[in-house]
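Read through the structures below before going on.
Paired with chain B in one complex and with chain C in the other, chain A is shared by the two complexes that follow.
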Partner chain A sequence: MPETRTRWYPYVTILPALLLIGLFTLYPVAVAIQDSFYQYVLTKPRSHPFIGLRNFREVIGSYYFLNSLSITGMFTVASVAGVFLFGLTVASLLNTKIKLAAVLKVIILLPWAIPSVVAGLLWKWILNGDFGILNGILFSLKLIPGYIPFLSDPVLARVSLVLAQVWKEGSLAAIFFLAGLQLIPSELYEAARMDGCRTWRMFRAITFPLLRPIALVVLVYETMTSILTFDLIYVLTGGGPADSTSLISWFAYAEIFKSLNLGHGIALSIIIALLTLALILAYLRILRTEDSR
Partner chain B sequence: MSPRHAVRSLLLNLAAIVLIIFVVGPFLWVAIASLQAENDLLHRPPSVIQHPTLDNYNYVFTGKIPSSYEVKGQLRSRITQEARMIAPALGNSFIVALSVLVINVLLGTPAAYTFSRLRFRARGAAYNFILGSRLMPAMAVAIPYYVIVQALGLLDTRISLVLVDCALTLPFTIWFLTLYINNVPRDMEEAGMVDGCTIPQALVRIVAPMMLPGLVATAAFAFMTSYNEFLFARFLTQSLRSQTGPVVIASIAGNPDASYSLISVCMTLGLIPPLILAIALRKRLTEGLSTSVTFR
Partner chain C sequence: MKIRQGLFWKVFLVVFLVLGTAVVSTAAADVNMSFVVWSYGLETVQDNIQKFQAMNPGVTIALKDYSWLDYHDTIVGRFAAGNFPDLMYGSDHWLQEWASAGWLVPLDKYFPQVKQYSPELAPYALQGMSYNGEIYGMSYYADTLDFIYNAKQLQAAGFTAGPRTLDELFKMASALKSKGVVQYPIILAWSQKEGAFPEAFLSLVFAQQKGGNAMFDSSMEPVFNRPNSAAAQVLEWVRKAYSAGLIDPVSLSTAEIDQIKSMQAGAHTFTIAPQYNMAELNRPKSGDFAGQFKIALMPGVSHATVGYVRFYAMTSAVPKKGKDYLDAAWKFFEYFAGKTNGQYTVVKRWAVENGLGFAQLPLFNDPDVRSAFGKWGDITTIAEQAKLARAKEGLTPWYGTWDIFMRAEVQKVILGQESAAAALSAMASKWNELKAQQ
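Up next is the complex of A and B:
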C-alpha cells in the first residue's frame, strides 16, 4: 500500500462512525444547552426571550422536583437491590449442577431481549386490578379475599414498577454474575471445603470478594438504567396514580410533551444528566480505589 | 446420595422452578390470552383454554371480525382497526433493525480494527468521544433530534430511524469489537501482510473469520437495540410509513376501545422475532455479554 494511503487509512475507517455519532450528539447537546437559557413554550411560538437560569430555578422550585427526586431515589435503590439479588440468585443456581439449570439458562435471556414497552404491557395486564391473571390466581387459591388494585394504589404501584424492572433487567445481571462466578477457580472452593468451610463462609470469604469488580459494573449500569427508566413507566403506570411513580425523567417528558414547555423539560434533562454523571464518577472512584488495593 | 445432599438438591430445584415460572409466566400468559375470546378473559377469575381460537390472529391479518365480537343482546365487544397496523409496523421494525445491523457491521468492524491495531493522532480522543456519547440522556436530545430530522427532510421515514439507531448502537459495537480484536492474536494477519495483503484484505480474509462469534453477538445486539427502541421512534414517526412495532403496540394498548385479546395478539407477534433471536443465538449472546464485563 502506498505511504499516503496508509497514513489516511485510520481516519477513513473511523470517520463515518464519528460523523454519524457527532451529528447526533455534539449538535443536539449544544442545541439543548442553548435552549435551556431561553423561554421556549410551544403555546407561544413567536417569543423566545433569553431568561438566563430562570428555567433551572423554576424547575428546581416546582411542586414536583423534590418529591420526584425522592421517588427516583427510592425506585433506584429498590430496583438496583432487587436486580442485584435476583441476578446473584439466578447466577448461583446456573453455576450448580442441578438439572433445571439447563432450562433456566435457555430462558434467562428472554426478558432482556424484548422491548421495554412490551415488558411493561405484559405486567400491566397481569397486574390489572379488574381482571388480571395474578388477581385471578390468588383469588382462586383463596389467598386474597378480593381483587387487589395493584396499579391504582400508590404504594402497590411502586412495588409493581420495581417488580417489572427486576424482571426486565435481572437477566443481564444474572449473565454478568455468572461470568464472574465462572472466573473463580474451583480449586479455591475445594481447598476451603478441605479446611471445613461451610457454604455461607465460602460465599463471604471467596465468592463475594472475587465478584466485586462485576458487582460494581452491575451497580453502575443498573443505577443508570433505573434513573433513566421511561418506557416501562410510560406503559405500566403513566407516572400515576397521583404522581406516585413519576420519576424525575418522567417529568422531563411531561414538561416537554404535556405542558409543552421545552425550556423546562430541557433544563430538567440537563439536571438529570449532571446527577447521573456525578453518580457515575463517584462509582468510578470507588472502582479505582478497589483496583489499586 | 446423602440425605443432606438430597434436601439441598430438592431446595435448589424448587428455587429454580419458582424462577422459571417468574421469568416465563408473562410470556406464556400473553400467548394464551391471544388465543381467547375477550369475554372469557374478562371473567373473575379469567376462564381460560375452554375455547382457544385463532380468530384474533385471523382478524389482525385479514380483517375478518371474530364471531365472538358480534352483537350479543345490546353489547358489542371492543375491537379496533388499529390492531391491524401491527403487521406493517413489525415490517418497518424489521427493515430498520436489519439496516442498522448491516451498517453496524460494515462501519463498526473497520473502525474497531483501526482502534485496536493502529496508532495514529487523536486516536484516544476519538475513542473516548465515541464511548462518552452514550452518557447523553435520551430525553434531553429528543427535541433537537426532531429538529435535525426535520431539517434533513426525513420526518416519518425509516431512514431517520436507521440514522438515529446507528448513532445509538455504533458506540457499543465499536467498543465491543475493539475489545474483541485486542484478544485476537496478531501473528496471522502480520504474516498475511508480509505476503502483500493490504489492511482491508487482511481484515476481511484473516481477522473477520477469527472474530466471527463476536461479530454475530454485536450484530444481534444492534438488531435488538433498534428493534426495541421506543422513545425516538415515538417522536420521529407519525404514520405506518415508518412507525415501528413498539410504537404501534404502545398506541393500541393505550386505546380504550382495543380488546385485551387483540392487544395480546399484537404483543405476541412483536415478541416472536427477539425471542427467536435470543434462543437461537443464546450461546453467542451469553458469551458476548460475559466478554463485555470480563475483558479488560
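Up next is the complex of A and C:
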C-alpha cells in the first residue's frame, strides 16, 4: 500500500462514525449551548433576545436549585452505595459453586433489562399504601400494625426511590463484578488459605484490590445514572410529596415541559452535565493515581 | 386501417383526459387530517370518526392517542419540534400557554359561525375555551369537580345526608373513623403529578368563598394570601383533617384511577372527583357499593366548585394548508361538538354512554340524558352543582409554572412542613415574580 494511502486510511475509516457523532451528538450539544444564552420561552415564539448568562443565573437562583441539588446528592450517594453493595454481594454468591448459577446469572440481569418506566410502575404497585403487595406481606406477617404510605411520606418516598434504583441497576453491577471475580486466579486464594487467611482477610487483601478497576467503572457509571435519573421518578413519585423526590433532572424536565422555558431547561441541563463531568474527572483522577502507585 | 388506428388513439386520448381529470379533481378534494386525543373511549372516538367520514366523503381523519397523564408534555414536545397535528383535544388548563405560543388558532377568526353556539354553553366552559376574547375550541365535554360520598357507609355512622359545610364533613369523618366504619374516611387524588389536584383544591376554595375572586382579583393580583382567605381556611382545614387521620395519607401519592378504585372497594367514604366518575362508581356489579355513591354540593359556604372544559381545537397547521382543510375542519367541529340535524349528537353520545358532563346546557333537559344520568346519579344535584361551577381563576400563560410550585406548597402544609400562611405567602410571591417576567 502506498505511503499516502496508509497515512489517510485510519482517518477515512473513522470518518463515517465521526460524521454520525458530529451530526447526532456534537451538533445538538453545540446548538443547546448556543440556545442557553438566549431567552427561549415557548409561549413567546417571536422573542429570542440574547441574554448572556441570565438563564444560568436565574436557574441557580431559583427556589428549587439548592434543595434539588442536595436531594440529588443524597439520592446519588445512597443509590451508588446500594448498587455497589448489592452488586458485589450477588456477584460473590454467584461466583460460588451453587446449583443453577447459570440460570441465576440470566435472571439476575432481568431488572436491568426492564425499561425504567416499567420498573417504576412495578414499584408503584408494590409500594402502594392502600393495596401494595409489600404492605400486604408485612401486614399479614404482623410486622406492621397498619399499611404504610411509602410514597406519601417524604423520607419513605426517598428510601423507596433508592430501593427501586438499586433493584434496577444492581443487577448490571453484579454482572460486572462477577466478570471481575472470575478473572482472579484461584491460586491466589489457595495460597492465602495455606497461609491461614480467613474469608474477610482474603476479600480485603485479594478480591477487593483486584476488583478495583471494575469497582471504579461501576462507580462512574452508576454515579452518572443516578444523577441523570428521571424516568423512574416521573413514574414512581412525580417528584412528590412536597418536592421531596424532585431531583435536579426532574426540574430540567419541568422547566421545558411544564414551564415551557427552553432556555432555563437547557441551562440546567448544561449545569447537570458539567457537574457529572466534574465527578467523572475526579473518579478518573483517583483511578490514575491508583494505577501509578 | 389507418383511420381505425387514428380513431382508437382519439378515443384513448379522450378517455385518458376524462379519467385523468376525474382522478386529479378527486385528489384535490381529498383532505387527510390528523387528530390527536388522550386515551379515553377510543372505540367511541373511532366510531364517531367513521360516521363523520361516511357523512363527509373525501375527508379522512387519522387518529393518534397519548396517555392523559403525559398528554400535555407530549404535545408540547410535538409543537416544539414543529410536528403539529391538525386537530386535537385541548384543555382550559393549557389554553393560555398554547394560544400565546401561537400553536392553537382562534376558531372564530376562521369560523365566525362558531359564536352561534355560545348562548347555549355553560359560562365557565365558554370562559375556559376563550383567550384574549377569542374562542379557541368547541366543547368535547365539560364537567365539574363534585363531592362524592358513600351513602351506605354514611348511614352506618348514623347520617342520612352528605355534609353541607367543612365542619360537618369533619364531624362526619370523625364519626366514621371512631365507629370503625373506615380507617380513613377521606381520600383525595392529590399526587403531585395528578392533573386534577389543583382543580380539587380550588373547588374547596371556591366553595368556601362567597362570590368570585377567591384566588385573584380582576387585575390578576393574588388575594388568596390575605388573612383568613378562603384558601387559608381550606388549607388549615385539610391539615387538621390530615393530622386527625381523617384523610388517607396515601392521598399525596394517589391519582384519579386509584382514588376511584379505593372508593369502589369501600376503603373510603368521601372524595372529590370529576362528576363523570359517578358512572364508573355506580356501575352495576362494580363492587359491593355500586349504586350507593351520591353527590352532595361541595361542602362550604357557597357550594361553588370548579368547572372545567376539554375541547376540540385547531392548530396553526390547518390554515396554512388552505381552504379545503379549513372547510373540513369546520365540518369536523360541527359534527363532533356542534349540532347535526339539530342535535348535539356526539356530545350527547358521550353523556349517555360514558357519563361525561357537557357544556351544552339544553342537554340537561334531554330525556335520554336525564334517563342515563339518573342511573348513576341525581341529575338535579348534578345540574345544581353545574350552575354553581366557575372556571379556574388565574389562567394565564404562566399558570403552568405557578401550578408546579403551588402543588408542592400545598403538600408541604398538609405534611406540616410549613404553615398555611407561609405557603400562601410563598405562592403569592411566586405568582408576582412570574407575572413581572411577562
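In this section, the second predicted complex is superposed on the first by the 272 of 293 C-alpha atoms of A that agree within 3 Å, B and C clash if a C-alpha of one lies under 4 Å from a C-alpha of the other, contacts with A are read in each partner's own complex, and residues count from 1 in each chain.
As a convention for this text, contacts are C-beta pairs under 8 Å (C-beta built on N, C-alpha and C of every residue); 3 or more make two chains touch, one makes a residue touch a chain.
Since we're looking at a predicted model, the values are computed, not measured.
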Applying the document's definition of touch, where does A:29 land relative to chain B and chain C: first, second, both, or neither?
first
Where does A:272 make contact in the superposed view: on chain B (first), on chain C (second), on both, or on neither?
first
Residues of chain A touched, compared between chain B and chain C (which is higher)
B
Does chain B (first) or chain C (second) touch A:73, or do both, or does neither?
neither
First, second, both or neither for A:228, with chain B first and chain C second
first
Where does A:262 make contact in the superposed view: on chain B (first), on chain C (second), on both, or on neither?
both
Residues on chain A lying within both footprints (that of chain B and that of chain C):
130-131, 234, 256, 262
Footprint of chain C on chain A - complex, ascending
42-45, 63, 128-131, 146, 149, 151-154, 157, 234, 237-243, 246, 254, 256-262
Within their complex, chain B touches chain A through residues 9, 12-13, 15-17, 19-20, 22-27, 29-30, 33, 41-46, 107-108, 110-111, 113-115, 118, 120, 123, 126, 129-130, 133, 135-145, 147-148, 163-164, 166-168, 170-171, 174, 198-199, 224, 227-231, 245-246, 249-250, 253-254, 260, 263-264, 267, 270-271, 274-275, 277-279, 282, 285-286, 289-291, 293-294
Which residues of chain A touch chain B in the complex?
1, 6, 9-11, 13-14, 16-18, 20-25, 27-29, 31-32, 35, 89-90, 93, 96, 98-101, 103-119, 121-126, 130-131, 133, 135-137, 139-140, 147, 167, 171-172, 175-176, 178-180, 182-183, 214, 217, 228, 230-231, 234-235, 249, 252-253, 256, 262, 265-266, 269-270, 272-273, 276-277, 280
Where on chain C does chain A make contact in their complex?
72-73, 76-77, 79-80, 97, 100-102, 183, 191-194, 248-254, 258, 262, 265, 267, 397, 400-401, 403-405, 407-408, 411-412, 415, 417, 430
